[in-house]
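Paired with chain B in one complex and with chain C in the other, chain A is shared by the two complexes that follow.
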Partner chain A sequence: MDKKIGVYICGGCGIAESIDAAKLAALARKECKAQAATVHPFLCGGEGLETIRKDLAAGAVNTLVVAACSPRVKTEAFDFGARTVVERVNLREHVAWSHAPNDEDTRVLAEDYLRMGVARARKSEAPVPASDQISRDVLVVGGGAAGLTAALETAEAGYGVVLVEKQATLGGFAATLKQRFPTQPPYAEPLADGVRELADRALYHPRIRVLTSAGVESVQGQPGMFDATIRTEAGTTNVRAGAIVEATGWKPYDATRLTRLGYGASPDVVTNVELEKMAAEGRLARPSDGKPAEDVVFIQCAGSRDPEHLSYCSSVCCMATLKQAGYVRRQNPNARVYVVYRDIRTPGQCEAFYRKVQEDPLNFFVKGEVEAVGANGDGKLSVTLKNTLLGESVALMADLVVLATGMSPNSADGEAIRALEDAQTRAVKGQTEAQRAEASRKADELKRHAGTQILNLAYRQGPDLPALANGFPDSHFVCFPYETRRTGIYAAGAVRSPMDIAHAEEDARGAALKAIQSIELASRGRAVHPRAGDESFPAFFLQRCTQCKRCTEECPFGALDEDEKGTPRPNIYRCRRCGICMGACPERIISFANYSVDMIATMVKAIEVPEEDEEKPRVVAFICENDAYPALDIAGFHRLQYDPGVRVIPLRCLGSLNIVWIADALSRGIDGVMLIGCKYGDDYQCHFVKGSELANRRMENVKETLQRLQLEPERIQVTQLAINEYGKLPELLNGFMELVREIGPNPYKGF
Partner chain B sequence: MSARAILVVGGGISGITAAVEAAEAGRQVVLIEKSPFLGGRVTRTHLYFPKLCPPACGLEINYKRIRNNPAITVLTQAELESLAGTPGSYQATVKIAPRFVTSACTACGACAEACPAERPDDFNYGLKKTKAAYIPAANAFPPLYAIDRPACPNGCRACVDACRYGAIDLDQPVERRTFDVAAVIAATGWAPYDAAKIDNLGFGRHPNVVTNVIMERMAARDGPTGGRILRPSDGRPPRSVVFVQCAGSRDDNHLPYCSAVCCAASLKQATYVRTECPEADVSIFYIDIRAGGRLEDFYARVAADDCIKLIKGKVAKVEAAEDGDLLVTAEDALQGRKRSHRASLVVLATGIVPQSGGLPAGFVRDEFQFLPGAGGRAGLYSAGCVRRPEEVMASVQDATGAALEAIQDVVRGAVHG
Partner chain C sequence: MEAATRTTIIQPDVAFLRDLEAAGGGDAKKCFQCATCSTVCALSPDNAPFPRKQMLEAQWGLKTPLLRDPALWLCHNCGDCTSRCPRGARPGDVIGALRNLAIRHFAFPQFLGRLYATPKAWPVVFLIPALLFLGIALLSPSGPAEAAPEFAHQFPILILEAVFFALSGFVVVAMAVGVWRFGKAMKAAGGGPILPGLIPVIADAVVGGRLRDCQDRRRWRSGHVLMLSGFVALAAVGTVIGVGTMFGVMETPLPLGSAIKIFANVAAVVILAGSVILLADRLSDPARRQASGWFDWFFLGSLAAIALTGVLSQVSRLAQAETLMYAVYFVHLVLVFALFLSAPYSKFAHFLYRTVALASVEPKRRLRI
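Then we have the complex of A and B:
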């Protein structure tokens, strides 16, 4: 289809007071060769929109450039259907509101933005969504409280489920409990575990297929079309699923490492899990001699909140101990319970249970740290405490010591497993002795990950979800707790964060929703969060691929596999549409219908670069559209003013920045290039995990190139900016312009 | 028959999440919010713990999800007036109070510039004033001004005259709309406990006793002090700041439950003080530090700062000292004695009060007025802090789960209805 560009310039909100809109329209017609160019004083109003609709209906234009406010506002007004390309040129927030009115530099800025907008609109096509046969079944791995809940809730919403459990029976850890602690009103008495009922419902649910004594041998494919091979006692079975929930639960922290707390030295030192078992079997007594336990000491945080063991808090042990104190007291009305704690953590309504337990005069709460647990000679154990509230050491005599051990996830770190395999390969095939030695060292460091696979994903980037700190495949985002790095695969329950049964069930419900949602979005050819609904996807012109593997290595979501030669094999339903692969590709063979290397390069080339003697330096700022771009809008809203020499180009993610754009800019005489992306590092804020970090890394390489070209590396500046740091933008932009002026004009001007 | 919609009551982070998650799973959603803007408490929060990242970042994505999704109808200044029908097939009547500004508004700001009247800025807990024509923040959603009519002078039409887009309608009537919905998710959130009720802690008597929610606004860059932490009495930076934990929470005279988020919130706010006023020292008086799960690492990081002292002990009283300073008397449980601590600013870690009033019959409240989510009428769910006191991440989790429960009702309705 031939592009017929219509340019619609709004004069409202101070734009007409700032620039000569009619002149801009003339430029659109003459220089940008727009088929139509209209100025309206209030474009988003009924009459303004009608002008656009009429031109579209008459066939006078088919591609729109709306030069008005930010694309973050009036989205609905300027939406003319999915098939009509609309390019928004931000004359309001980024020009009129942030620069001197009726100023020569402001005029030139507006002209450049219009040229850039038209240039982009000419190259941009409305994406055609992918369309494939999408499975509406969910594979749930793990049949404990979380897995059963995920399965049932998914099935109740009308989707099919295959539930895989490694044990012979369903129920997981919850099924071994005598009782569970209260999380429902009146929060005062422990409850039945509830999980047996879930298991029965799952077993007889018409949309749930239960496979016990089963494991996942392999998972091929992508969301909407995962092909899993499940190993059961009867052989292997193949399952097609649209999404996966990993609910593999937890294991108690290994108490044999807690010798300091007496575990192993005396049979009368047990873990809370062992105590639960004793209580469930109705034989709560001293293991050494079977006598009733008169004095029972619970040691909280046994292995948790301890940098030598688990640095995190296991969340549930306080409530578990309160519950178990009840077992002890009910069994033996004369028994005394001592709870040695650092902080009692019973958040929310759980406090009511804590109060209830405190009402019992034979429950004693002792704040302190355990120094030692040893035999006292009379068959009793002695627990010595320091840093107590009394300020002195205290020794408690105990018949039974219960270690409130914490939760370790039953997880596998896919990236670590992959790194281990890579290191093992390099340890053998490395080119030099030093490389092989280094690889062996690395392999040794990672050896604990060997054989931990759960999902066995056939992904280039590793066979399981990547884990965060402490091995939890959790989300890094406060506001998006289901943001997993493997599209269509969601962790739920204690595998992703320490949590109790009630929370695990809720979490499983959320994960089930996300699984269903990824199926629904895939069936419409749309991306999931954070570009939910995006119908574009990357296309690869593989004839020109040099097998450099940068795209397959850098994709944060493991969307790309490789063939034996290293050619990428895209899996578009795994893709989040960030464009990081596009930024990584040195051959520039990856593009989206509405986002490509060529498109942005054309925008860069549309910028008019003044002659050197005009002394008007130009800077291009590539900025993240999720945070830096809104921050610049907010700066405009507050009418913060900054240097009009900066031309901003928003990117889907700074990681989609292709270094050829830098070369294009500098070779055209642009004096400096800014990159503004999200924070990276441990507390990264990049919505695509690694985008801004990757862009920064690419710049390190670019700077070397600059030096070879005898261009100052300072001409490129990379900055991290959070959305609420809009106030810093004027100083940042002005400061860089100042620096560029000091460095002097780009010698490539005029070439 | 066509599938029914899901009604989400409350446009804070929980309600927004429930709405977008359900809509992205292909369902129709009506999201109603009683104030003129979405975002609830989180928009007024400077940074989230433990990452110390700005809530505006996630809200930006969520607002974009709403903008791009025609399946979500957002109604502000809207309340659920009545709910008729039966589970799976409810008729919800929503009362929409006039905004006096139509969707023609471009947020250019001319109305506020022309407006002669002021009103206390509730977004900033009254720390400053806005014009009667106002928008609370640059990233407010929807990006439309609102007019606080009771604050307008009689007969004033300055904003109408100033608006070039005909976006102001001072005669806008109350509107009522009825929706067929399969399920209702109550995500009505929380309010901070009224600190003035805690007589011994001096809030309302001493200007330099503030609450944790006020502290968020003082730290926010778009807040009344531009992000500077200053004493209300004299606008000077504090030299020493005391945080009083469980100010009202875990207390039979006030809130018997634990508000769950205040410990981590105070640890976070201690970092605000340390960043903004590097000279100041911080003391946190607590009963237990409740930083569960992964928050432990954050707690350890904050506790490692030598200028932040954590003292186990409940604060007995806060009294005035010279120069606007305060004398905080607490029982130091570890030292086993009472101690007095002079502070130039006291921050009360006030707790969470569920906003479960005004909902139709069928929602079941616990003894603390939370909606724990069990035992109620079918098709009625709760999410976020109205369900239990909890942090943002947990609120988002159960909002996502609530979306699925509501979808099940839609699906059942489509099959049986």
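Then we have the complex of A and C:
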């Protein structure tokens, strides 16, 4: 279909007061060869929109360039159906609101943006969404509080569920408890575990198929069409599911590593989980001789908040101890309970329970550090404490010492398992002796991951969810709970983050909703979070592929598998449409219908570069549309002013930046290139996990190339910016323009 | 094992915990050691802040270190900590309760300490002197019928002297034993010598120097200064007159114009004003009102009543209102006896223990007038 471009320029919101819209329309017709170019004082109003609809209906235009406000606003007003390409030119936030009105430089800026917008529209096609048969069932792995809740919520919403549980019965850890600590008003008394009722409901639910004593043998495929093989006592069974919820819970931290606290040296040193078991079985006594426990010392943070063990707080151990103190005191009204803590952490209203337990005159709390736990000779244990709030080192006599150990996720680190397998292969097949030695050292380092598989995903990047910090398969701490780095697979409950039963149940509801969303979007051929609803997907021109594997390795979501030769095998339903593969590909064979290497290159080429003697340097800023672009919009709302020599090109993710664009820009005489991505690192905010980091890494190579071309490496600047740092943008942009002026004009101008 | 020899084995004293709760310190269990109390306390010294640590020891029932802790006596119970405590643990009350337990602990004889510690014993406290003075009034030979009414006609001076000198002797011994026990405990807790610090500490107490630090308690301080100076003056006058009459140097009633009489009357008014101010201060502030215990009310109430009945006795005697005069004087005598006997065990004793504790830990305290 021939492109018939219609350019619609809005004069509202101060645009007409800043630039000559009619002249811009003339440029659109004359230079950009638009079939129609209209100026309207209020384009998003009924009359303005009607003008566009009429032109579309008459067949005068079929591709729209709307030069008005930011593409982040008025999205519904300027939506003319999935088949109509609409490109937005941001005249309001990025031109009128942030530059001097009726200024020569402002006019040139608006013209460039219009040229770039038309160039983009010419190269953009409306994507045709994928349409495959999508399964509406959800596979839930783990039958504890979280898994049962996820299964029930999903089933109640009308979707089928297959619930896989490793144990012979449902209920998980919660079912082993004597009682659970209070998680509802008035937060005063422990509660019944409550999970048995969930288990019964799940067992008899018509839409839930429960498989106990079962495990996941393998998972093939992609969201909407996961093919899982489940191993049960009766044999294997195949299940097709549209999404997966991993609710495999947690395991207590390995107390055998806590010999410092006496574990292993005396049978009277037990973990909180062991004490719970004793309480559930109805006998709280000294394991060594069965005598009653008169003095019970609880040691909080046993192996928690400790860089040598678990570096985090599990958030439940304090409440568990307060609950267990009640077990001791109720069984023996003369028993004394001592709690040695670093901080008592009873989040939210759980504080009320702390108050309640504290008021018992025979519960004694002290902040301090445990120095040693040892035998006292009279059958008792002595617990010595230092740095106590009593102001001195003290010793407590104990019949029973309880270590309040924390939660480790019951997860498998898919990437580590893959790295282990790779290292094991290299250790045998490595080319040199040194390589083989290095590989076996690496394999040794990773061997604790052997055999930890849970989901057994048939993914190129590894058989399970990648772990972030501390083994939790989370993709992002702050913004996106339940989201993992494997599309359509959601983690819920204590496997995702340490949490109590109430939070695990809440988490499971969120994950169930995410799983349903994923299925519904897949059935419409659309992307899930964060580009929810995007119908485009990457196409691979595989005849030109050199099997360099960069795309398969760099995809943060493991969307690409490989055949034996290393040619990528895309799984578009796993794709999040970030374009990182497009940025990675040296052959430039990956593109989207509405986002491609060629399209952005054409936009770069649409920028008019002034002659050297005009002394008007030009800078192209490739900025991430998730954080930096909205930040620039906010700068516009605040009327922050910056140098009009900067031309902004938004990217889906900075990781989708193909370095050829930089070469294109510099060879056209553009004086400098800025890259503004999201922050990354331990508290990263990159929406696509690795994009910003990858872009940064790629730039190292680019700078070497620049030096070979005898261009100053300072002409390229990579920055990270959080969305709330919009106030820094003028300084950042002006500062770079200043630097570029100092370096002097690009010698390639005019070539 | 070297570490173990330096560490103290601690075991909570459950009986002590019960006593503390009964004495009004049960809220200590609510403390979560944020140390707001120590931070807001104007009197807490930087090198050994209180009452945060004492709250923890109270929770743990660590009787020995608590009862000999000078911090109990550095506190003047202004209630700042209690009103700022985020947890409702009422540190001021806990320290007050601990002070009472300490007085009871060091008391001699012990049963009197226990008797005075509880409001339930108040009938006994007043009944004994009431019976005693009733007996004296009934059994004493009546004075000459035609003569103007005189107190001595119902309450012969010699008998009263005997009673009060015996009582004083007992009180002095009881106090001495208590203070000696306390001093020993202070020494064991690492306190300094007591004698060299006494003078500045007493002088400071008379002018209320320490109370100056309690910013929002100016009324309290003036009340305390009035009450204490009036009290010291009356004690001196009482002793002088007692000794004077015994040796026949003086004869009561003294003429109204005599210097001693004027001085005594002024002191009585001062003490009345002081105790009324202190009572008003405690009653008007809800936090202070709640922080005040039986010890406080008994002591202040008795003192105000003694001053009042003393002045009234004199006025009714001058007016020659015979029945009223003897009745008021009788009440006056009962109150004086009860307060006198309570001295080693009640609020009164804090004067002694506080002085000893301060002398022991703050001998070089700068006198600020």
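Operating definition for what follows: the second predicted complex is superposed on the first by the 749 of 751 C-alpha atoms of A that agree within 3 Å, B and C clash if a C-alpha of one lies under 4 Å from a C-alpha of the other, contacts with A are read in each partner's own complex, and residues count from 1 in each chain.
Methods note: contacts are C-beta pairs under 8 Å (C-beta built on N, C-alpha and C of every residue); 3 or more make two chains touch, one makes a residue touch a chain.
All values reported here derive from a predicted model rather than from experimental measurement.
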Combined model on chain A where chain B meets chain C, clash or fit: clash
Partner chain in contact with A:Gln517 - chain B first, chain C second, else both or neither: first
Touched partner set for A:Tyr748, first chain B, second chain C, both or neither: neither
Touched partner set for A:Arg336, first chain B, second chain C, both or neither: second
Chain B versus chain C as contact partner of A:Gly391, first or second or both or neither: both
Per-residue contact with chain A, leading partner among chain C and chain B: B
Chain B versus chain C as contact partner of A:Ile344, first or second or both or neither: both
Partner chain(s) touched by A:Phe80 [first = chain B, second = chain C, both, neither]: neither
Partner chain(s) touched by A:Phe365 [first = chain B, second = chain C, both, neither]: second
Set of chain A residues, in rising order, touched by both chain B and chain C: 344, 355, 367, 389-391
Complex contacts: residues of chain A adjacent to chain C: 336, 344, 354-355, 358-362, 364-367, 371-372, 382, 384-385, 389-397
Contacting residues of chain C [partner chain A, same complex]: 3-4, 6-12, 14, 17-18, 21, 29-30, 32-33, 52-53, 56-57, 59-60, 62, 87
Residue ranges of chain B touching chain A (in the complex, touch as defined): 13, 17, 20-22, 24-26, 46, 48, 51-62, 64-65, 67-69, 104, 106-108, 138-139, 143, 164-166, 220-222, 226-227, 250, 256-260, 288-297, 300, 312, 333-336, 366-368, 370, 372, 374-375, 388-394, 396-405, 407-408, 411, 415
Chain B partner contacts - residues on chain A that touch it in the complex: 12-14, 41-42, 44-45, 69, 72-76, 153, 156-158, 184-187, 304-305, 307, 311-315, 343-352, 355, 367, 387, 389-391, 469-470, 472, 474, 476-482, 497-499, 503, 506-510, 512-514, 516-517, 520-521, 524, 528-530, 532-533, 626-627, 630, 633-634, 637-638, 678-679, 683, 685, 687, 722-727
